[in-house]
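Two complexes come next, and they have one chain in common, subunit A, joined by subunit B in the first and subunit C in the second.
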Partner chain A sequence: MKSLGRFYLIATLVFLYTPILVMMAMGFNESQLYELPFTFSMRWYDALWNNKILLTAGMNSIIIALITSVLATALGTMASVALSRRTFRGKSLLQLMLLPPIAIPWLITGTAMLIFFYWTGIGRGMHALLIGHVALAIPYVVLVVGTGFRTIRADLEEAAMSLGSTPVHAFFSVTLPLLYPSILGAALFAFAVSLDQFVISYFLATPGYTTLPVQIYSSIRKGFTPEINAISTVLLLGSMTVILIFARFAKPGDTSDKR
Partner chain B sequence: MTNVKVNSVAKTYGTTPVLADITTEFPEGSFTSLLGPSGSGKTTLLRIIAGFIKPDQGVVMIGNNDVTDVPVWGRNIGMMFQSYALFPHMTIAQNVAFGLERRGIKGAEARKEVDRALEMVRLPGFGDRTPKQLSGGQQQRVALARAIVIKPSVLLLDEPLSALDRRLRQEMQVELLRIQRESGLTTIFVTHDQEEALTLSDKVAILDKGRIVQIGEPETVYEKPLTRFAAEFLGDSNFLTGTVENGAVRLADGSVVKSTSALPANGSTVTLAIRPEKMAITSGDTADNSIKARITTVIYAGPVLSYHLETADGVPLKLFAQNRDGTVLKEGDEISLGWSAEHTVAVAD
Partner chain C sequence: MQNDQLTLAPARGPSGPRKGRALPPWVSTTALLMPTYGWLTIAVFLPLLTMFAFSFLSATPMGKAPIIFTLKQYRAFIDQPYLVGIGITSLLIGFWTTLICAVLGFLAAVALVRSTFGKTREMLLILILLPFWTNGLVRVFSWTMVLRENGFLDSLLHMVAPDAGSIGFLYTRYAIVVGLVHGYLPYMILTCYIALVTIDDAIIEAAASLGARWWTILFKILLPLAAPGLISGAVLTFVPVIGSFMEPRILGGRVGVTMGTVIEDQFTQAFNWPLGASLSFTLLAVVLAIFATFSGVLRRGTTA
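So, the complex of A and B:
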């Protein structure tokens, strides 16, 4: 049984990573038409360095993802505090309404946003992308942080208050440090949701302001070079580093110090 | 180290009255237990004194200060929670120092106080560990150290021992009492365990449905219960009902029971409570009162024998007898029980 399980795991990893590794390797191949035999070359990285359009789109993606991550994490965490620690009218309805956006196809959400933004005069462009991405990411943040909240007993804050903490001090000195891994995880989630986002970005981008997935899509349609592989590799290594750093410091799944 | 008073305190949730007009005093340095069944309002009263709940009416005084409108963090209370509620991301020393820091005590002075408190709860040198490295009993001691190190005006404990196993629980009872005596803290202790309340307290307050039905020293409350509920909840009791007749009580079977309690007017119905250990098996009429009964169940518990009996009228009785000579009576045996008028207490229903 154990060896079967291991085989299964290895097979999964092979199917997941082989295409990615091939994609990365082709970025270092001399041929423009992805021809073999493999000849090592930094040609496409040089080309990428001079490809302002791809680089700008890449920068845009990262900036949007960072701002989305910060905003969505802040707003989502605040919503989570309210949902976990306060009682108010309509709370269960609100909590329930957070889930469907995760399941609604992005194509539908994207269309809806496009129409709505057109209608209200918000229009398209960076600000529209930001609003869209933050709105998309908030439910994930509320879910992740809310799960974290459930592992923290409410009487810890009460204990702090009995020792002289105001509710605000109790939150910042007791709850927040315990919530820290969840918040970090949520921020990462929000970052990934934004960086990954194609459909909504495609609708809300303008010719002058695109994100990397949108730019890659239009390049592929026009006929493309391994520069795409090069920028994908850079982005991939960047995200992997962020995730590994997170895994190292936040130890996701480790709740052993919370009763 | 102050006395605590509550005056006409009441609390209602929705339409359910949880506390009804509670007025009582917890004298300086005393250990008072709030004893009552689950749902009787013990926690609510304690949390009102702590400041977590605002009463609908009434006044809470700590010392000479009316603290009714003062929030928890301004009341200088020490509170111990059932779950210990230690901060998992802090060391033991940081946990204990938390309240000191809130009071502006830091550095060497704080360290000295923390060490002293940890010594008091017999955990010297544990400061650098984290809560999860400690056993349940040790965490409990830390929670106590954290609550007393701030020299609170009053120490509040809500069933702090109920999560511990029996042995540890008894050990902690002794510790708690020692620490309370050493520190001289006015202490209010919520429990639903009557034995715990009797052994620890200077005063026991019995709560029933949001009211204090009786408050007094353990002996008084146990020996002279005021109500049927108090007699039944604190220890076991036998109850006989009869009619007052010339300073005594005539039962349905015509026999007369004497009591030293103040009895109501002739002709009124009265309930008498007699503790099962105050009754003895007698031969003849040597005691003030006696009654005949038949044994229905025998419970052998080692040092004590517990008999369930029934009188001719079908009144159930209990009898606790020391297992002194090793004779154990059998089911169906007819015996005669004797007890004194002094141990026959008239109680309100």
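So, the complex of A and C:
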């Protein structure tokens, strides 16, 4: 039974990774029509290097992801402090309100944003994308930092205050350093969420200001070239790296108390 | 209770009371919460309300055209019967994707828990989850490389049987389901794994020592105990799948018409925002009904 289980897991990994590896390999294949036999070539990476539209869109994606990461982490951490350490009425309602951005299909959220931003005159473009991306990333930040809070004992802060520290000082000198790995993890998480976000961006982008996933989507639909494989490979490796770093900072399933 | 301690604690400290400095706790609590909830209000809640209002308009408000409120957008399923078929297609795609994910994901989680341990298990789990956090669009695109005519699948076949025809099935509903299963399988494996990993080995050993065969253990012990994980995994697969539009577009081609693509069209091609809004809200109602039905299971799943 054990070897059957392992075989099944390997089959699952083959299913999960085969298309990704094939896609990556085709980025190094000479043929424009993805024809075999395979002939190694860097042609599509050279072409990518000269493709201003894709590179600009990629740059936009990174800039948006960086700003989103900073804003969402700042706002989300503040909210997490209140939700984890304070008691007040309506708290469970506020926690429930974090779910819609995650749980409602992005198609619905995205089209709703499009209507609202159009109607209020906020419009589309970079600022609209930022409003949307930060809203999507905040719930993840609150959850990740909130998990961090659960592993830190509240009485450490109280001990500091009973020794004469002000609440603010106690927070910054005791709680924040202990929370630092979670906050960093949350920031990386927010970065990845923004970098990979397509649906919301698709509705809020303008012809003049797009992000990489939006540009990839329109290229795929137009009839594609292996340049898309090249940029997709770069994007995949990029987000995989971010997630692996995140996994190191906030080990999933790690319940050991940091005391 | 914690609030009282927070404000009282400094007064007990050796540096003496600091009267008049401490604000009531609700002020700082509000200040901490305002930015996040203000942001969510502008970016998510007000837009949803606006869309709800839009779904009652007779046409997209442009220029000086008078704004007329109507219920006709919600009659779309009666007025345009082809929408019913599209709705059924979406539900069927959601059903099959969820079912296949549940079977494959449950078995993978059982295999993880029963056949691996320690570092190997950790490695396998990270490898399984890694694709989930990469760009979904790129993963869907990568399936076109495999499923197209003369794609990777055909190349594999032609290695074994050079004269065989093409078995590539890009631009079919099967291709859509395969792409969606690929996208949501890691999530199902994770939720089932979380449910299964807490099962005490002693239970299974006891069953085995009492003569239970492996299928008895699988169906009478593991499956019921994994049920919360299976249900939350199923909900979290089904909900995004019935709202998907890029997977049907890219993998389904001309047959890939679903609720998702119809809604997308209303906003990007047809410019009939009120119809798009009412279809979106119909979809949202289905989603909320599913969440409400399974909220008990989902809550246990997230707080465990």
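The definition used in the following text is that the second predicted complex is superposed on the first by the 238 of 259 C-alpha atoms of A that agree within 3 Å, B and C clash if a C-alpha of one lies under 4 Å from a C-alpha of the other, contacts with A are read in each partner's own complex, and residues count from 1 in each chain.
Here is the rule we go by: a contact is a pair of C-beta atoms (placed from the backbone, for glycine too) under 8 Å apart; a residue touches a chain by one contact, two chains touch by 3 or more.
Fair warning: this is a prediction, and the values are worked out from it, not measured in the lab.
By the touch criterion stated above, A:Y34 is placed in contact with subunit C alone, subunit B being left untouched. When the two complexes are overlaid on their common chain A, residue A:G223 makes contact with neither subunit B nor subunit C.
Once chain A of one complex is fitted onto chain A of the other, the partner contacts of A:R86 are limited to subunit C, with no touch recorded for subunit B.
With both structures placed on the common chain, the touch criterion links A:V199 to subunit C but leaves subunit B unconnected. When the shared chain is aligned, subunit B and subunit C each come close enough to touch A:S162.
For subunit A, the partner touching the most residues, choosing from subunit B and subunit C, is C. Once chain A of one complex is fitted onto chain A of the other, the partner contacts of A:P207 are absent, as it touches neither subunit B nor subunit C. With both structures placed on the common chain, the touch criterion links A:V174 to subunit B but leaves subunit C unconnected.
On subunit A, the surface touched by subunit B in one complex and the surface touched by subunit C in the other have residues 158, 161-166 in common.
Contacts from subunit C toward subunit A in the complex involve residues 1-3, 5-7, 9-10, 12-15, 18, 25-26, 29, 32-33, 35-37, 39-40, 42-48, 50-51, 54, 104, 107-108, 110-112, 114-116, 124, 126-131, 133-139, 141-146, 148, 150-152, 155, 182, 185-186, 189, 214, 239-240, 242-246, 249-250, 260, 263-264, 267-268, 273, 276-277, 280, 283-284, 287, 291.
Within the complex formed with subunit C, the subunit A residues making contact are 1-6, 8-9, 12-13, 15-20, 22-23, 26, 34-36, 74-76, 78-79, 81-83, 85-88, 94, 97-98, 100-101, 103-109, 111-117, 119, 131-132, 134-135, 138, 142, 154, 158, 161-167, 192, 195-196, 198-199, 203, 213, 216-217, 220-221, 224, 228-229, 232, 235-236, 239-240, 243-244, 247, 252.
In the complex of the two chains, the subunit B residues touching subunit A come out as 50, 52, 71-73, 76-79, 81, 83, 85-89, 98-99, 102-103, 130-132, 146-147, 150. Only residues 153, 155-156, 158-166, 169, 173-174, 177-178, 256-259 of subunit A touch subunit B when the two sit together in their complex.
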